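Here come two complexes built around chain A, the first alongside chain B, the second alongside chain C.
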Partner chain A sequence: MKTTTSTLVLFAAVFALVSCSSKTVEKPAMEGTLETVDMGHHPPTVKLADPEQNQGHIGRKPRRISVAQLRESILTTTGRQWSQINALAATLGQADYALTVSESTEVNLVFAKFLEDGAREVCLATASADLNKPAPDRVLFPDVTITNRDFTMMSDDAIKANLSYLAIRFWGQAFSDAERDSWAGTFKTVAARAKTINRPEQAWGAMCIAFMTDPRFATY
Partner chain B sequence: MRLLTRLASCCLAVLALPALAQTAQPVCETSASNVPLERHVRQVYLDMLGRPPTIAEYRFYKAKGAILPEDLQSLMEKEEFYGRLRTYHRALLRSNISNSIFVNGDMRLGDVPVGFRPLGIRGNPSTTLRGQNGAGCDAFIMQDDCNATRQDPHLEPATKRCRDSYNVPLPVSVDYSPDQYRCEPFTGLADCSAAIGQTDAAGRVMPEKHLLFCDMRRVGAALQPHYCLPNSGAPQTAGLTSEVMDVDNRYVVAFTNPAPVNGQLTRLNRCTLDLNLSGGIRGRYAVPQGCVQREGVVMTATPYWDVTTQGQVPMCAIEAQTRETNPWTMESCTTGRFTGDRSCGCGVKSNRCESGNTTLHNARITAFNDEPVMIADSVVRRDEDYFNILTTRRSFVNGTLSQMYRQNQSPQTWLVTPPTERDAIPDVPLNDVNTWAEYTRDMNASGVLTTPSWLYRFPTQRSRVNQFYDAFLCKHFSPEAGAIAPSPEDSCNRENNLAKRCGCSYCHATVEPMGAHWGRFGERNAQYLNPETFPRLDARCRDCALSGDTTCNNECGNYVMQAFDGDGANSLGLLRTYLYRTPEEEPNIVGGPRLMVQRFMQTGELEKCAVRNIWNHLLGRSMSSQEESLYLTQLAQGFANDGHNLKALMQRIVATDSYRRID
Partner chain C sequence: MSNHSGKSSLQRRTFLKAASAFAGTSIFGGVSFKAFAQQAQALAPADHCFVFAYFSGGWDQLLNLDPRDPTEFTPERISETRILPGYSLLSQDPSYPTMPIRPQGSNIAFGPAVGRFANHFDVMSVVRGINMNTVAHEVGFRYFLTGKEPNGSAARASSTATEVVGQLYPRMANKPPVPNLAFNIESYNDRYGGYANALRVSSANDLLLTLAPGPTALDSEIEKQLLDMRGQPVSCEAQLYDSRGLVTQYQDARKQVRTVLDATLDRYFRFDSTTGDPMAVAMEKSATVARYGLRVGSNGLPNDPRSSSAARAALVATALKKGVSQCVSINMASGLDTHFGTQLTQANNQRQGWNALGDLISDFKESDHPSGGKWIDHVTILVFSEFSRTPLINAAGGRDHHITNSCAVVGKGVKHNHVFGASGNVGMSAGVVNYDTGLPDSKGLPYLPDHVVATIMASAGLDYSIMRVEPLKGLQG
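And now, the complex of A and B:
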């Protein structure tokens, strides 16, 4: 019985290997199309279009988030709202459907400037509040052990772990190792500066600003 | 051994797939994600819920390894998903009528902050009712006790009449109008008798003969004598230099212009409390030129928008009236003319007028903007056929709309026909703006296409067609490629029917008959032209038109009253929408927008456009022509097979490989 079961597992594995391997050499069913990836948990619905015939675009167009999405993104990622977002909504691109009939999701300097203003407001407020919260309730550094509010004491591993956490929190994207190392270096500089001026909230607050003003926050 | 090792690694890859989805890329991977999982989760959340995932949600999907169909279905039951779709439909319907409502404040009751502090209209109607734009009533005199205070004893009779025989309020005080007179104060004097022989602020000495041109006026709350003479600096009154004496040759009673030129007044009489009669018709009161005649104050029922004040409030006596008709002439007080008729007033609980501040007006705009979005929301939320948003009779009212319909509030600012019998509309308190009650509209209703928001936002039949084509058929009216406008000398330019005129017919041959579907809805308003009230042919309007009376007392605005061609001549007295319509097109008028939607449902174009719109919404770009050939029919067919379930369509598109790539 045991032998039979092992044989079945082996047979299934061989079948899987053969079927997976054969997929890579399967020819497109229609000229000018790409074969889709097997969806596994749901049936593939369509073939992909030919990138050459679609100016290279066969998937989602990367785009800037709308003002409504920005409003919710700030709230979700920092736990607080930017006080000026409603006043600046039209400037940031929100349509009123009376005079402006389509939402502008253009990435421009005006949007970047105001987003930076917003980031400064909410990030520093969140970082300040976090300093007085128990670890599980913190937004920006929930797993960091704070010693005398001095973030220069953090180990490299702790810094990188928190940066990875923030990258997912703000962008939904993981760091590459090289980029994470670069950001960790930046954090150390910022943390030292924050300690010097006795403004500990600026350590992770500045990193929060950096995450929020990064294009990966405002696009998807 | 090597084979076993390879098999083992493959099996491990299959079993450990969720954890390896981002890192390892084994040949037999069954994950579909072309972007890392967290990024895919983020885009699904931003597209579906309008927000990124929380850390807990990221961790949940990382542990799970993928977003499965049941996860999508779960997301599409969240309130955030419906909020996101409400935003989508607000954009699709361009539901904002804030710039579509004509309101100049002429029907707003403002507070006069002196005396009894009455509410009153101070805008343009004051010119007709009181003699000067912006003039209010006399806030210091109660109308029905008008003899208790005498502002200008030398200008008033010994006993004032507070009201006429039909109880219409008469003036209780009078001033000289600054539009025609230059009035300067005497300082330190108590009344006009003391001002005789005195010098005013302009250095003018007032002789006794000018006593009747001395005016006791309010400076703040106090009365102060003013010396008023025709303004020699104004072109209109510059020549009024001759004096007309009374029978006793003691007082000047008028100034005349012995040599008037164009536009100059020939005579200005002294002011009294007497009103003129416009056209000599009793009940059509008019204020003599150069005078500001003010009525007094009464206590009356609290206006409908004031839900905090108990009992009565002070109001100018003209505005406080509640008549349905002028008692002298029987002219209607329920039309826009009420503001200029001294006998009408603002109606019961001031229902014809509006609050002096813009809070309620803005609440109405917001509510009307929200109504079609609520209709669309209800269709999606109940998993109904998506195109019910274009045909359903279901709608919703909050407190603002409920009371507006039920109490017939502000009928002249808001030219909106109640969607059904007033009593059948749910009764929601006025200040309850967040409660939306469902009800069923009359048979003429057709989803969002007959809501006041749609009708006001797209004010003409042509613009309604244009927006319908744009939003629901993904088609745009534009000139033929390479089209050249015909020469202005071409006789075809004289064709009045745009469906036939050269250069216009390319679009209007479609636009005009399609527009007839809204033929029973007024233009630049949201009124339904009920066939019982607005028959296809109105004999009275036709007779007016034939006799050259093209206005017909302003009651034939929806009818053809002038003819510019043979068709027009044959259509005099017809409801305007019937002009140029062929017998084959006339059913469009009767069938309304619902018939149009039913016809397009048979073509499949609505489905394809819905697919295009959702594709655009989710992928951030429109379908390319090749993608249309690959996907459109398939997705539209699937949409139809799902009973036009919008959530299922969104799920199909999210499941495509295109959605899972970013490029």
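And now, the complex of A and C:
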């Protein structure tokens, strides 16, 4: 009985060895990285850092946009420039290579304050101008049908569609459904208030300010 | 029994908490007491503040910190002493003494142009006989500003104010919104993060732009909606993106903006108007206007620092006392490069700056600091110029550039009523001293701006190793 059991164990071990060795052994991923999806025809991709093994980090450290990037971003997203950006460039961190030899991209009170000021100036001007433009020429709500400058008449779907469009325009990123729904709720309240005070430009203007002062606009 | 007592105590505490919350809400008009207290706490002044006061153009130290007795240094002895005080040339204005001033009890003699600054001998050290190693404006100025001799005329290190903020700011619990403020003066940062950069302003309006709400306002209800939206929880993706804290840093900065705007700090800097100010603020501003003798400047506004040295001093005091800044560098007086000017021009331009500084120190001596003691116990002031002027008067009636300099260090961290070093009695040559005593010593060593800056930093408990010199023990308080 004892001999039979030993023979069975030995047989099982040999079988297991043969079946393992017949398998293709996959090369393990580099430690601390995640495997990327092989797209075949694309050049080799860089493996993503595994956040669990990198103190919760993934990818490189985010950075604040420089003054030159801010200047271009404002112009690209709204089609107009903030009138004070050159006057405040040094304060926002732009190097003059005489007294300041390195660009500061520090996120501090002064940057946050002046970005807020700039966003207000540019967004409200853009929203005001959009009210008088035909739909395709508008920046902030190109596909919105406006009735008597009243944005409270917009359907939920139209609001969400325009918010999704603005998210891509300002951040280059899509909204998550939950966040978009939350912003849509805020927009409805803002639009109602804008109608009450007869300042229709503040409806999408305020949302533009929210997009432009969001970390996703100021960092990359 | 004990249970009963505990219950009673709890009820009493609960009642007091409720009462204080009610009182807070009533007194501060809708702002909860907690919010008010947090706001006040968030803008508490720094425990140790610094002022770097620059006299632009190269000052005549015979008129301020390194005077000579004109009865000893007479025109007849010029060939021997190479020094001419020239105080008699100020006699057109009888307000100028024709002899050095030594207030009662003072160990320090001052020149005739120091005005009210001399009254504060009891809280300062004067350093004489500093070797500047240069007679070029940019070089001397940047040397004193950084404590490191420039490369050519290019600054070779951070400004001392930047060094101070760079080292202290990360450790501060209550971070000032504009820790490093520079009025009409250069500032350098070669090794610290952007938090240490000076907010460089050329006028009060630049500062007001930071402290006041932007010119484009939204409806208050819409404003509230935006604020609420910003306070919403973020998604998992956003949390991952913020794993290194940049987004949090940005959001903190925005909260700080809100705190600054809610505190309406800008109104404290608008000395020209009290319209719309609460009674307490209006009274405080009126007291500031009276203390500093603010007058309407050339642009019609008394609060523009270009308009007068007094307005600049008032801005320094306000920025520090309101917790806006920890370090303020300021161009206190200008028009001192008097190669062709008269002694009186030099004295008049200097005296404006000295009087303003005197008023600033009076303010610091009389005002209580929130952490105890007077403000003068919590502030260090370095008063400097890029170099001095020649001890002899040139053919054009002015004085040229001279390599030996002096400076004053006031307040915390230095000895009081004290003179460190001396310039020579022949041609006011640079001194050599015993570093431990500050007394002239033929076997001693020369001392440079590096030593003065290292002493200030060491006295504040900061790392001064970048200076590559040891602090002057004979100057440290």
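Simple rule for what comes next: the second predicted complex is superposed on the first by the 164 of 220 C-alpha atoms of A that agree within 3 Å, B and C clash if a C-alpha of one lies under 4 Å from a C-alpha of the other, contacts with A are read in each partner's own complex, and residues count from 1 in each chain.
The criterion applied here is as follows: a residue touches a chain if its C-beta (ideal position, glycine included) is under 8 Å from a C-beta of that chain, and two chains touch if they have at least 3 such contacts.
The shown structure was predicted, so the numbers you read here are calculated from the model rather than taken from an experiment.
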| item | value |
| --- | --- |
| Which superposed partner A:Thr76 touches (first chain B, second chain C, both, neither) | first |
| Which of chain B and chain C A:Met153 touches, first, second, both or neither | neither |
| Which of chain B and chain C A:Ala135 touches, first, second, both or neither | neither |
| Contacts of A:Arg169 with chain B and chain C, given as first, second, both or neither | first |
| Chain B versus chain C as contact partner of A:Leu109, first or second or both or neither | second |
| Touching partner for A:Ala218 - first (chain B), second (chain C), both, neither | second |
| A:Ile58 touches, of chain B and chain C: first, second, both or neither? | both |
| Footprint overlap on chain A, comparing chain B with chain C | 51, 55-58, 61-63, 99, 101-102 |
| Chain A to chain C touching residues, read off their complex | 51, 55-58, 61-64, 88, 90-91, 93, 99-102, 104-114, 116-117, 120-121, 124, 176, 178-179, 182-183, 186, 189-190, 193-194, 197, 199, 202, 205-206, 209-210, 213, 215, 218-219 |
| Parts of chain C lying in touch with chain A, wherever the complex brings them together | 155, 177-178, 186-190, 193-195, 197, 199-200, 206, 209-210, 214-219, 221-222, 225-226, 228-230, 232, 235, 237, 240-244, 246-247, 249-251, 253-254, 256-257, 260 |
| In the complex, chain A residues that touch chain B | 9-10, 13-14, 16-17, 19-21, 24, 32-33, 36-42, 44-51, 53-63, 65, 68-69, 72-73, 75-77, 95-99, 101-103, 165, 168-169, 171-174, 220 |
| Footprint of chain A on chain B - complex, ascending | 6-8, 10-11, 14, 22, 26-32, 34, 36, 38-39, 41-43, 46, 49-55, 58, 66, 68-69, 87, 90-91, 93-100, 457, 618-621, 624, 626-627, 630-631, 634-635, 638, 652, 655-663 |
